[in-house]
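Here chain A shows up in two complexes: once beside chain B, once beside chain C.
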Partner chain A sequence: MLLEKRRLAFTGSTDPENGFDMTVINDLFKILVFPGFLFVVNLGLFLEWVDRKIYARLQNRIGPPWYQPWLDVLKLFSKEDVIPEGASSFMFTWLPVFYLAVTVTAFLCIPVGAYAAVYSFPGDLIVVLFLLTLATIILFLLGWYSGSPFGRVGAVRAVTQFLAYEVPLVAALLTQALLADSWSISLVMARTTVGFPRFVGVHLIALAVALISLQGKLLRVPFDAPEAETEIVAGPLTEYTGRRLAFIRLAERTEMAVGVGLVSDLFLPFPARLGVFGFVISTILVTFVLSVLRASVARFRIEDTTVLAWKYILPFSALGMVLAIIVRG
Partner chain B sequence: MMLEKIIALSRKSSPWVAHFNSGGCNACDIEVMATLTPRFDVERFGIQLKGSPRHADILICTGPVTAQIRERLLRVYHQMPAPKYIVAVGSCALSGGVFHDCYNVLGGVDRVLPVDVYVPGCPPRPDAIIAGIVKVLQKMESDALELADYRQASAAGGGTTHVHLQ
Partner chain C sequence: MSDMEIPVGPQHPALKEPESFRFELEGEIVKSVDIRLGYVHRGIERACQDRTWIQAVYLIERICGICSHSHTTCFCQAVEDIAGLEVPRRARYIRSLIGEMERIHSHLLWLGLAGHEVGFDTLFMYAWRDREVILDALEAISGNRVNYGMNTIGGVRRDLSDRDVEELRSAIRILEERAGYYTDIALEESTFRGRLEGVGKITKQQAIDLGTVGPTARAAGVNVDLRRDDPYAAYGEIPFNVVTAEDGDLLAAAQVRLGEIRESIRIMKYILDNLPDGPIAVKAPRRIPPGEACSRYEAPRGEDIHYVRSSGGDKPDRVKVRAPTLANLNAVAESMKGVRVADIPIIIAGIDPCFSCTDRLVRLQDRTSGRVEVLRWQDLSRRYRR
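Let's turn to the complex of A and B:
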């Protein structure tokens, strides 16, 4: 759709009689402002605040003020930028930018409530999953090229953990896709309530698996072994400072917005019914569950994560898939 | 100027601390850890404990500087990105405390590094440590604003000075 528009815009703008074509501005607005770059970055930072606030309230604290995540990023942008001796300066400079680009691109395929995604086509679910995988690979490279042993250990752990949660996550989303009979996010979103009482059990199994593996995807407690600050400093991010760290932080928040947005689009009924408002409410709901999970458990060792994923979570996701096939008939 | 004010505000509101024991008896470290527990809720000020000195703005130093730790302390300090601040926590970090004339002790942290705020006590209470960090925050903000003023002044008056000198 967008490509066609681009072609139209291109031919339109080269035509001397037609002058400047408005579709270019429209597309740029969609990509850069809403529902593209600005929206998703701010949504990610907002969700970070929601997460930190809920976490604080669960510990009986007051927690940070609402503007805290924005100030954190601003401060990082204003700090000194260090490239350590052992690091590859090219990778060190460009990987954080690439990381942010990948996660923002993933969000372009996700419909914001009734507001259609910037770029949607049958099969965009697979593209989003692929881009999220790419984000993990970039995290690995971030650690690997930072020239620090902590970075390398963290990078290897990130990939090990990736093997643990990726299959259940994909299986859980596949269950939803099977029930809705489509690989397109917007179609699955529109069909979340189809066959309402009959599909609920399968939905719940898939939702539980998706939430747990999303927690692993986003490297949050209890699956934060790759960034475990008490053993390996900060994992892949150990050597990053200033601007680069700010980019990585923004990318991580965006990844969170993408993951949470994906789950709320695919599983919750509100985005399709209540539009943008419903989308934001559902992301807050999903974040709430993730924060409660984060506040109530301690960190797994990396081998325990793998065992948990393959022994206990994967059978559940497989069960969900089989049930989905049976229930759909 | 608006931007500089926002940057000063962001520096002041988001101090990430790293913690380094340069040779103390560990009681100060326990108090520093107690400061970071939910009871004192330092996240109200945006304070977060960071494992990596590369992410930190403030180095909390406890204990006297021993001859062996000096190199490591300097190294950790140089790993931090500017602008960086140091809080010396405990009598030992101030002057060497009970260890002041040991054969292997150089003295307080300020014998090696520029300390910004001293928090006395053996060990200081968490409230005192929080008060010390909040003092550093005020210093961070005024430093950022001063730097902005200086830049503005030198940008405005730089040419005149040059002519005058000739």
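Let's turn to the complex of A and C:
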């Protein structure tokens, strides 16, 4: 679709010498290299390293060298790949690929600092949220069709937790959208993060809610019940090995890059001002906050997560929204 | 969600040793649990009968990787009882000292594991880092971190030098401060506390009826401690308090263990201040006269019992070991009823289980037909030879 449209719009730019359309290469470069696939996957792996390093330092450990996440994925690709007896072979093979595709597609809508997103249009914020939701559904299916009791318990927990954090997350981002009076990520960026924010209090409420729900979205401690190692091994991913697990790992890292990138773009002032560099700095900052949160608490039981989300976080996020509506008049 | 069975073990990240717990679930609620032991049976009791008394001490030391000193002390006491040996006073003090150091590192290990089981890995890393302080001190004294090889029949093998005493005192200073810090974290940090409070609860009556021992019993308010009730080594001469709690849940178990770390530090200080002079061992005969004895020891996990029988030879006639985990497993089965999946690992870890010490037999049973097989060593090697 995208390629088609662009080509129609730029038919005049076809190079007459060899009859080749340069915009196709340009688009492919954007989708596959920067700011698309390669960039987001590497950003995700880099953020994984940042997270692991900070987590390790907080625990008085040394932590991995910077290239460790890449090595982990490479090694997984070379490992034996097993489909368990009770699993649905079709789902088992294709879901990890869909997972990665969905998260990478979500990133195509996210501006990398001042560098425009690959595909930007009014309402792209909704599309990103929809694709992130789809990622959770895929995680559920991954666990459900893996034919393992741990996978099933994990899958059910994943959707239960989804019900807990999704509403506050959307509400927090909606607060920003209301303040900016737009559903377009780049417009929200331009209107709320440039210049001194007029409604600091409302922004802060939304930011706090967004960070906590993002922690739940990314299944990190204290909201890691769906993947709780000591309880249900690895939850939905228990039966996955080799290449398929590598795809899932990449998808999870990408999901992290999408979530962290989205929060950075919408809330922090650096991406709009310092461009790509500011974007990366902001993602590191947000990751830092998430890592500190991960290091300082124990895991919640799944029912505690739900109670916490509906009793405390949701009213808080609703308050942010109401305030946003009031101050915007 | 319909009923399902989830297998925790023989291989599971929550278990540090292979043992099988099968949970029947209704949604996330546990309906029943089937505990099957025997995956790490090593036949140490029988192997002791083929070794001389001194060799048996080293084999007994390897029953447990954590409470190695507990088992050797218990065994040596039984043998000394049969042979009528009088252990010198200094040796008894050193035995108590090592025993308390072992208790501290065992309880710190438990605290770290408890943190890990509820997803609080930061506590895990910190507790295990500070456990190194006591392990280093043990290495300085005995030359080993885990199997210290301190005990021998009739006393201990290594003396404490003045330098050792000084090193121990500085280790104690660090530990004292850290123990206070952990007490604060474990009992104040709300997410960690929330995962322990009211979980794995047993009443005082249940604790008595199910025959629980050690910190598990003391957490439910049962005031038992062999160091006070049936003093051995130097405990008859050392003043200390028995730490108990009332609630019987895992928070109470954590309180008891953290309190015991502080008591152990007090005991260590007393021993270092009042270490008597004299020899550290008496010579034991190569052949132990005929007789039998039962010895009890308050290991970090609870009461450890050794029964030893001699027929007058240079090898034991029979050695029987009852490790504390076996006594506490009934409490695990009891407190599992109606809990949520999320609490399974911490309840199992709550008694500080040590499965390889517990296993005494393997039963080969066909799961479908229920037929039980007896295999000899030759059968095994023939069937599984590659």
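Convention: the second predicted complex is superposed on the first by the 306 of 329 C-alpha atoms of A that agree within 3 Å, B and C clash if a C-alpha of one lies under 4 Å from a C-alpha of the other, contacts with A are read in each partner's own complex, and residues count from 1 in each chain.
Simple rule for what comes next: a residue touches a chain if its C-beta (ideal position, glycine included) is under 8 Å from a C-beta of that chain, and two chains touch if they have at least 3 such contacts.
Model, not experiment: these values are computed from the prediction.
**Student:** Please determine, from the superposition on chain A, whether chain B and chain C clash or fit.
**Tutor:** Clash - chain B and chain C, as placed by superposing on chain A, overlap.
**Student:** Is A:R61 touching anything from chain B or chain C once the two structures are fitted on A? First, second, both or neither.
**Tutor:** In the superposed model, A:R61 contacts both chain B and chain C.
**Student:** On the A-aligned overlay, A:S296 touches which partner chain: chain B = first, chain C = second, or both, or neither?
**Tutor:** Touch partner of A:S296: chain C, not chain B.
**Student:** Would you sort A:E239 into first (chain B), second (chain C), both or neither based on which partner it touches?
**Tutor:** A:E239 contacts chain B only, not chain C.
**Student:** Which holds for A:L74: it touches chain B only (first), chain C only (second), both, or neither?
**Tutor:** first
**Student:** Should A:S89 be classified as contacting the first partner (chain B), the second (chain C), both, or neither?
**Tutor:** neither
**Student:** Between chain B and chain C, whom does A:N26 touch in the aligned arrangement: first, second, both, or neither?
**Tutor:** In the superposed model, A:N26 contacts neither chain B nor chain C.
**Student:** Would you find which stretch of chain C runs into chain B in the superposed arrangement, from 37-45, 73-81, 91-99 or 271-279?
**Tutor:** The answer is stretch 37-45.
**Student:** Would you tell me the residues on chain A in contact with chain B in one complex that are also in contact with chain C in the other?
**Tutor:** 59-61, 150, 229-230, 233
**Student:** Taking the complex as given, what residues does chain B use to touch chain A?
**Tutor:** Against chain A, chain B makes touches at 6-7, 9-11, 13-14, 38, 41, 43-44, 46, 49-52, 54-55, 57, 79, 81-83.
**Student:** Would you mind writing out the residues of chain A in touch with chain B in their complex?
**Tutor:** Where chain A meets chain B, its residues are 52, 56, 59-65, 67-68, 71-72, 74-75, 78-82, 150, 229-230, 233-234, 237-242, 245.
**Student:** Can you check the complex and tell me which residues of chain C touch chain A?
**Tutor:** Answer in residue numbers: 1, 4-7, 12-14, 25, 28, 115-123, 125-126, 129, 189, 191-192, 194-195, 340-345.
**Student:** Applying the document's contact rule, which stretches of chain A touch chain C when the two form their complex?
**Tutor:** 58-61, 149-150, 152-153, 156, 221-222, 224-225, 228-233, 295-304
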